[in-house]
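Each of the two complexes below includes subunit A, the first together with subunit B, the second together with subunit C.
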Partner chain A sequence: MTPRPRVRSLFQIEGLPIIVVFALILGLFMYTAPEVFLAPNIYMTFLSTAPPLILLATGLTFVIAAGEIDLSFPAVIAFSGFVFAILFKDYNLGWIAVVATLASGALVGIVNGYLIASIGIPSFIATLGTQFFWSGIATVLSGGKSYALRGAEDTSVWWWIVGRFGDPNSYAWQDQLSIQALWTLLIAVFLWFILNRHRFGEHVLFIGDSNDVSRVVGINVVAEKIKLYTLMGVLASVAAMMLTLENKNFFGNQGQGYLLTAIAAVLIGGTSIFGGRATIVGTFFGCCIIWMLEAGLVATGLTGAWVRTVQGLIFLVSIIFYLFVEEPQRRAEFFARFGRRTDSGGRDPVGKVPARPARESLGPDPKS
Partner chain B sequence: MRSIKRLLASAAALAVAAAGASAAIAADAPGKGLTIYMQMGGHPGEGPVLARQTGAAEAAAALGVDKLNAQFSGWAPETMIEQFKEALAAKPACIVIMGHPGADAFASLVKQAVDEGIVVTDGNSPLTSLQDAYKTKGFGYAGVDLYAGGTLTAQNMIKDGNLKSGDEAMVYGVFSQAERGLSEKGLADTLEKAGLKVDRLEITQEVNSDPSLAVPILAAYVQSHPKLKAIGTQHGGVTGILADVLKQAGKKPGDIEVGGIDLAPATINGLKSGYVSATLDQLLYLQGFMPVLQCVISAKYKMPGLSLNTGAGVITPKTIGALVPLIDAGIR
Partner chain C sequence: MSLASSLPAASPRPDFRDIVRLEGVQKWFGAVHALRNINMAVGRNEIVGLIGDNGAGKSTLIKTLTGVYKPTSGRIFVRDREIDLSDYSVGTAHELSIETVYQDKSLGEKQPLWRNFFVGRQIVNRFGFINVKKEKQIAGEILLNTIGFRGAGISVDSTVNVLSGGERQGIAIGRAMHFNSDLIILDEPTAALGVKEVRKVLDFVRRIKSAGHAAIYIEHNLAHVHEVADRLVVLDKGEIVSEILPKDMTVAELTEYLIDMQHKR
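Coming up: the complex of A and B.
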């Protein structure tokens, strides 16, 4: 039975499966930890801590959509974070430090793009190598030390990038709304339009489908991939600045914890690991799920050993739910495998795939 | 009949009195109504974490704390900061932190917590300036005097291994972390004062989070330094793998004097086999128990923060035997 038009249009909402999962998990935490999740403070906290992950995952959405991967962005968090910290703190360069930091992220991205697109090194290997290289450079340059950015909150750079909308001396939740949340939202919306309405986004998805076909239709695959990795590098450098300014500290090994969480956020959001299909809305809600998961489980009182178990379970459920909703063919095959009722009440034999809709014949019907 | 009635009446009175007393005791549990967030450090059940977890859980149970919410950061300082913010948003009665991110990173957040009436206290790694500022609000410290702990470890290494001036030594530690690095510094400084040539090697964040990654690194170091006489560390996880390192490097027990910290199950084997000569016992159980107690007495009774130096001394192959069952149980 085909879904009614209203239901069909509902299923066409981008990221619907992951939005439903997010709502269910949020509802669950509101029930199990009402003192935390029914109050606004935790959400203000998320708005000041989640933006780096959202930026990284949004950039990664483009990369994965193109059928590639980037493992080097944690190193950009460390390397660009160091560049920013040293120029901001030791040389008092303010906004010049910001520009230099963006340039450092772009540099890492351009190198990645060149290695992958021009030289042809598989992206997994290339970015694994650059991850070690740039994080090593960061450690060498910083001497492994941390840098405290004392007085950062008195600068315009801090206010414009991670400042608060409200009274700086107030702890009321409405004064804690962070500007970085607004920047992150604007960047995510902008990149949604790029992915879905701009030629670059179209090229990325084409490349994700097939590099060869993309070349045949006239897409400069090398140039687009270099742009892609440059975008990722710049986004990672923005994330580095937000993290460093928010903490008012550069930690020598910052960023290491984002690798798997960013990739997980993209994949549970619905972007295909094989490329050719991507959703920024899905990535956004994937980030929201991942970011609130541990906080919610801890607030519920679950001991540490259970946290990872529940996280893994939720990831699997999210992806399976997504596949069920977004891929009707897989859904049909699943039900066929376990048998389904016919109109007369009998059962189809187990393993029989339902008849496919009529299509242009490319040869004799194998059943005749 | 009258005596039976009297007996029954006495038994009933006793039962009522006992029920009233237990109700009174339950109602008076000091931790009742309190929610505590506690930073445990690494990963659940990990060597340097397990005894703290056990101590904290038992303190919470003994004091009748409503909820003890444990946070695990994989020893990453920026994760500790993020988790502190999440704890702050939950508005608990008390938050227990660890000093790895440093006082500068915590300063404004601890101020906010204290201003909002949340008790903040510290364990394992000190935050001296914050403790001085907020001691009257319950900011205490339960942990080792890190520099002194490193010194004590080094002194035992020198004595036990007959180390002398000119001998080569290596100290593997997190020198880069603000106050946490004082532990390694104390160890390295003491060896240097005794005239040894000390090579200081920094533990990377990957190894910090997963010490097994250090095995090939250290094995390679040992093999490339044939004159090495001593290895010191103040990282509990690394201490546990040092026996493997020396075996893989082809060394026999006693070839290289090893000083470490904590009493993880893996460290027991190191001590019993003789590869590990001395390990600083920082009584991690107390580092879990005491901050919870601090939270309760400060949140409930407004008592100031207390300092407790949990650096009891070193454990050697001669003294490890009696402690094994307690280590396996996650208490020592």
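Coming up: the complex of A and C.
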């Protein structure tokens, strides 16, 4: 029997383990690079550059909660970013460009949802395909050029999406408080309520738990998955707009760095890789850790090459941690699957075909 | 047990004869003919046992009946009224008071019990937000009164994966009872249960009858189903091959009959 309580009660506070880890890493950097981490500027920079990552990771939390994956959001950042840049700059459409950008994100999401839920292509494959497709479209349409959005800061679109609460020309830190941080916070809080208190969020969690159970209890799995990917697409298009406006520049591969960082942030945060359990609070702190590592390692004096290495290490350590602590029964299944694969692929001598080792020798099949 | 006392009395609706009736239902999965011309009716206060070998089509039949699968052709009547199959779904089956208790597919493993009681039928405001307080309160009442989980270390916040097999059946059955289902479909509810827990489930099946409801009871164990069913329907290769009244045959005779049938076909 799974031990009911005590250990688990520690996890009653949403995202607590990851908050502790975040505090430890922050403390470490305050010690190794006090001139950076004990001054306000780094935190203001965080508020203006972290929002795209947080929005992407929040959307991805829903996708992973449903037991699926999305690899196509970097392409949305390219494609929707291009739609926004060209409509905003070349056609001067202002707010219409914003609406069209959101629609382009929704379009990508609906196509993903349709491919995955209605046609039944595994999400990993489907979104791998759409990732190539949409980033290809963006490259073709933009001709590989980048678009500089000079003068954007004089428009109401710029002010409302990525403006500053203070004087934008001042370098004082209190003037650098960014609007996109507020938007991101509002969206994240809203989506927390959707996940934990709304019918849609409950359906997403049950779908992640089991598609069969979801159908049996009356959830329209196809429709909910299409909604899910549409949400992800729209969030990615918002991230694309913030990124393009914040940089005042569009370039075709501006989404590339987000693929692994966003997925890592979600899983570090404690959302289950098997679906069915998700935490937005955890994802938020996962984003903080991923972002802070980048700044902190460089400020500590390590080269940038270390950043990905350490991010990858923390990513793996946290997944192993969650496997052991949160899902002991899944852990057995996970290792059983892993063991079986090494067995058939590794130890079987080539040429000796028929007499495969009996499956019983590998221990009981966890699924039976 | 507290099961009987809290089981709601059947609603007096004398305006129909059969709770559910299938006419000429066919189901194909690609090239596989899973259901062949099924004609079957369940009376309003009848326990029908559905038996047959693995792969005979029992589960497909149940899933077609409850809106999980759409039949390829044929007609389904609920309370003598024909169902529009184009928009028949699990949701509509729920609205028609048909509820299924599946062997292992009724509950979301990682979800707390209160969500499992209400998923698909949440208590929401007009924006779709769940009234968590109310759902938890009602779930607590079901746990305590309808199912009788007392002081077992189980609360509405417990997740399903800490429950035993019998406890899981209890949760699924309690859910069916709470939503006052006229037809409760039990898909091998005693599989993988200990003797004591089997008795509880069989008691519940009898109470479905005494409270005036109907049930379809799928079971491998002939002794269990023989004990509680009014009528047995035998399914083989997607076809109904015979109907037997338990009072006409002992369990031993029934077993022999089924084995003979397997040999002949």
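In this section, the second predicted complex is superposed on the first by the 296 of 368 C-alpha atoms of A that agree within 3 Å, B and C clash if a C-alpha of one lies under 4 Å from a C-alpha of the other, contacts with A are read in each partner's own complex, and residues count from 1 in each chain.
Everything below uses one rule, namely that a residue touches a chain if its C-beta (ideal position, glycine included) is under 8 Å from a C-beta of that chain, and two chains touch if they have at least 3 such contacts.
Being a predicted model, the structure only gives us computed values, none of them experimental.
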Superposed model, subunit A: greater residue contact from subunit B or subunit C: B
Which of subunit B and subunit C A:13 touches, first, second, both or neither: neither
Touching partner for A:243 - first (subunit B), second (subunit C), both, neither: first
Partner chain in contact with A:212 - subunit B first, subunit C second, else both or neither: second
Contacts of A:125 with subunit B and subunit C, given as first, second, both or neither: neither
Which superposed partner A:320 touches (first subunit B, second subunit C, both, neither): neither
First, second, both or neither for A:198, with subunit B first and subunit C second: second
Touched partner set for A:35, first subunit B, second subunit C, both or neither: first
Touched partner set for A:23, first subunit B, second subunit C, both or neither: neither
Doubly contacted subunit A residues - partners subunit C and subunit B: none
In the complex, subunit A residues that touch subunit B: 33, 35-36, 39, 41-42, 44-45, 48-49, 139, 143-146, 148, 150, 153, 171, 243, 247-249, 251-254, 256-257, 295, 298-299, 301, 303-305, 307
Complex contacts: residues of subunit A adjacent to subunit C: 1-2, 4, 193, 197-200, 202-203, 205-206, 209-210, 212-220, 272, 276-277, 329
Interface residues, subunit C side, partner subunit A - complex: 68, 89-91, 93-94, 100, 102, 105-111, 115, 119-122, 124, 128-130, 132, 153, 158, 161-162
Subunit A-touching residues of subunit B, taken from the complex the two chains share: 35, 37, 40, 43-45, 53, 67, 69-72, 74, 76-79, 81-82, 85-86, 88-91, 101-102, 104-105, 108, 112, 115-116, 175-178, 202, 204-206, 208-209
